[in-house]
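These are the structures, in structure tokens.
Consider the two complexes below, in which chain A is the common component and chain B and chain C are the respective partners.
Presenting the complex of A and B:
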């Protein structure tokens, strides 16, 4: 009942983590995962994403059938013992292609989120800069750029790059990065104007240090949710852009590839379209839930187990 | 403190709906997905009665490629040939369903023994749809305009020297050198006869002598044809023909299902499967065509495919029957550059039967091993889909060729392959009839330069009788195929799906030539 009041200050979690070093951080991570697991949504997200990573790894070494095995006499086959989800228009195994596609999508999602995060943080740094011109200019720039549709950016990038993973990663990373920055701006501005930032500056902390130790931890909860939403949208974008012919090039397995090759025959072989469609849906839902669950579980404001754990150890 | 406690209390009981929401969400999404898939199917199969049965004085036809305007003299694209030639405009001569020349505006013609003078005798009493009489003067004017203004297809009339009329009903063409494909060329755009005195906007209107006139034209969407009351021949069987264009295959299929159209051409062999099964309501037929799916190989020096052994190995490695089976099994194997509807056709499919061992042996002779495999890139336009590339990669892998498939925009293909000739393998549907001469052009993107082929083609084109022409072209085609200058993956055949009550719809070559006068529709009772 007599804990110091500053525990309620938003920057506290990062500080606690920093104070406790790597072991403390690991313990914290354990608590976060356990808290997520305790909720249905979090559990669903964890299981789905875990399976996704596992399947991606397995597909590097093993798929039920070779991807390059085609059979013109057994196209659009129904699910069977030989082909668990049937075959596609060239007689290749749908299950194997979806397995292999999961690693392409995983890489695309990871890269997209990294690019978006990098662009987002860069813009947050610019917006919270003490140089007024930079701070205001970047806001105007973001507002202007955010109105360009991601698909348009992708189509323009495809002119020099052709159909490639880079088109998806760059277009989505750029678009989501802008979004990220804009959503994070209020909390970033709040932190930038706070007393502790002022005192840090008075202490002689560099702009870089202030950004890294005070502003980033404050926007992190927002960014985590945004990143996982972006990850979900990136999966959808991969499917959409590949369908448009500017995404994953032909011959590279991806869920979008599986969708786009089978969608022409949706009237006759609806099952073949259903599998990749279902997969994309489930994964996107999982990614969206993951962000929410992670934010709730990782924020001491909403997760008492973090506070209790911490408080206990500090005593 | 109170804040802390209330927050803690809140997070302990996140609330029922919050916990359940994600699961409900997943279930809902899946349910919606399933509902959409099956809903679409159900909605599509419910139709059928939408057509006004009764009189059958009108039939609606679904086609794929739409014309952007009606100016057949200046606008490229087979969609104009398809809808206008033989329906609205007519030539001196026409094609039958086997691609042979038959009389049209000229009831007969004589060719001099040296093959240099063609005399056409026009029919009597032919008028244009505006009432003007069609005379030899109109024919001469049309041909003169074609040549002087270099309208589309003007270069198909080779060696043409003079165009003259003798009286109102005789037209005489003289050539500088015999040209055995002149009559066939006149069945296309080059031979169309226009009214010298008519004033109309060619982009949206058409004045011709054919059995139909254009009543309404909506660019990229539809054309309504109406019987021409002044037509010289028998009136067409169906007074009104509406043509609708569907760029999207699924939209086209749904249009046939719902009864919005009574005929659909073309329809993919696999998409036609449900109609094929529903024999009570539909008829699905397949017609011959001149579409040649050519796997082009760069014959020019400096490319791995300049080595004949490599090209032969590729031809042996490809299992054509399997390619055809995967596409629905209606296409025909094609062993050489000339399809069955063109002069000089000979069945060459036995030259390079599928034989993986022979392919491997040839590759070994050419100096490729497991450690040092042959690596090739196949570049083709995305209009042909990724399936053929995937299959070729898998088939060539079996003999040890490492094929990279590069599916690109058509414009990229045009630049890289067709113009810059920077490619190993390429895939194109060369759909034109009588296009064998491309093999005697060393500057064409194949880079194929064979003096014997050039000489034989030349002799064939300048032959004064059809038998010599066919023999020479067949000889040349055999050399091209034996040289493995390319591989001919298949001869695409057009699938047409129709309501059971439709008769007289042309099946052969109906994507370039679609005379509709004989089409009739009797709706089911």
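Presenting the complex of A and C:
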């Protein structure tokens, strides 16, 4: 009577999904990166972001020219062997400034995404709370706050903080965090009201535990894509806010700084504006593609290489 | 010891669901709770687990091994759930987190209630999987790769891994086909008997009930209308509500079999 209803288990060549522990996790990460690399968009994103990080690191020790070396006789110079991307209005090397700017932007993007993720997850936790007042209140709060433009928040923050990286990070992190929570809400609610959460509670799991084990993993695919979009927008916001004078303070290299110092002369010296503009565009595109590629590659539903069964019994 | 529910009244908002329910399940007993949909069966199990919706009010007495559960703070209740009481759910397809592997799923109650190393945990989970008849290679699989019967075996393994003294099975076979139903019921019964635990088996299906329990309560519209030995109750139900349920089960069996047999046990004869 007690015969197990055993199905024949197909012998899969690579049983990645079955492996637990750090080794399994490492191999899964390897498979995800390899899967991203296999597609053009993913490869472009990986290469661009890899270069960005590399250049940021190198710029800490070396740039072709010193940032503070200016040449009054060679302002707005065209690209040459001396100045690979030419010089700006004070005769400083555009390439060196862009190199140094990449590390500022990298820090801004990383911090913004972290802040956004923290705020987003906090709000998701509030929205999926079993306390009705908190759950409903947080939705109303998000809807109210989301209508405030990020730029306005940045301008208000700039009053006490002045022009600083913190203004960009806090304003963008706040705005994108609200967005994140709003976008993640449907999948979070679906998970929170599911039978497996009920079952986890019957196992004795606390609200915290349910959130960490059952809700966060379910909203992560949505959040990853949203985070990469936010990262792209953060690069744009850095450029915009720095141009407005409330972002990166003058004298600190950043792509927005390079843009804002040269954009007034766009009609006379278009090349000097073109370089930072092009860089920002390429990086934003790469960040957006990165999120899509990562979600595609890290989701067992879309990536058969992460499934143990090679997709035989896909539902 | 076991569970004694006395004069349990549950209301959601101003709408009463249960009107003074009394039932008890002693250690080593397997007791059924039958009733039509909406009679409040699941509300009883939720009240015992302390998982009533936030808007529900609950009065009366629920004593688990001599300890009063009504009015217990949620933190203390959470410590009992999964450790002193295990629960098997109706639909294993939705009661398992699609993102967790079988091994992780079964290990959850252990993670919550016991301090074990990862290896010890894995050992216990694999031993439990053997007990419920799950092949070892399913350890790293996810729920969607399993059949319905296997999924319910995971559910049973999760409920039993901490060796709770009371197991509540809330319609554990309703989502399964009749062959698998019987296997799952037999498995549950043998494991519960082996552990000497108490089983509260909630169902609306008399054919499953007869297989799983010796004693049962009939619930209708929030009241226990009849109680007694399952066999006797099946043969000669006293109250109209129980009679309706038994007759409905007979008619259904007759219809499904198409043989014109008169008894619910026709399925057993094969």
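Keep this in mind: the second predicted complex is superposed on the first by the 288 of 315 C-alpha atoms of A that agree within 3 Å, B and C clash if a C-alpha of one lies under 4 Å from a C-alpha of the other, contacts with A are read in each partner's own complex, and residues count from 1 in each chain.
Keep in mind that, in the parts below, a residue touches a chain if its C-beta (ideal position, glycine included) is under 8 Å from a C-beta of that chain, and two chains touch if they have at least 3 such contacts.
Model, not experiment: these values are computed from the prediction.
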Item to check | Which of chain B and chain C A:136 touches, first, second, both or neither | outcome: neither
Checklist entry - Touch check for A:25: first (chain B), second (chain C), both, or neither? => result neither
Next on the checklist: Looking at A:90, would you say it contacts chain B, chain C, both, or neither? Reply first, second, both or neither.
Outcome noted: first
Checklist entry - So, A:41: does it touch chain B (first), chain C (second), both, or neither? => result first
Next on the checklist: Tell me the contact category for A:200 with respect to chain B and chain C: first, second, both or neither.
Outcome noted: second
Checklist entry - Looking at the overlay, does A:78 come into contact with chain B only (first), chain C only (second), both, or neither? => result neither
Checklist entry - Which of the two partners, first being chain B and second being chain C, lies in contact with A:218: first, second, both, or neither? => result second
Checklist entry - Both chain B and chain C touch chain A; at which residues? => result 1, 7
Checklist entry - For chain A, which residues count as touching chain C in their complex? => result 1-7, 9, 15, 17-21, 130-132, 194-196, 198-206, 209, 213-214, 217-218, 300, 308-309, 313, 315
Checklist entry - Along chain A, where are the residues that touch chain B in the complex? => result 1, 7-8, 39-41, 44, 68-73, 75-76, 89-92, 162-163, 245, 249-251, 257, 261, 264-268, 270, 273-274, 277-278, 281-282, 285, 289, 296, 301-304, 307
Item to check | Complex contact set, residues of chain C against chain A | outcome: 49, 51, 54, 75, 78-83, 85-87, 89, 91, 94-101, 103, 108-109, 112-113, 118, 122, 133-135, 137-142, 144-145, 147, 149-150, 153, 155, 158, 180, 182-183, 186-187, 190
Item to check | Residues of chain B defined as touching chain A within the complex | outcome: 1, 3-4, 7-8, 10-12, 14, 18-23, 25-26, 29-30, 33-34, 37-38, 40-41, 44, 249-250, 253-254, 268, 270-271, 273-274, 319, 321-326, 382, 385-387, 389-391, 393-395, 397, 404-409, 412
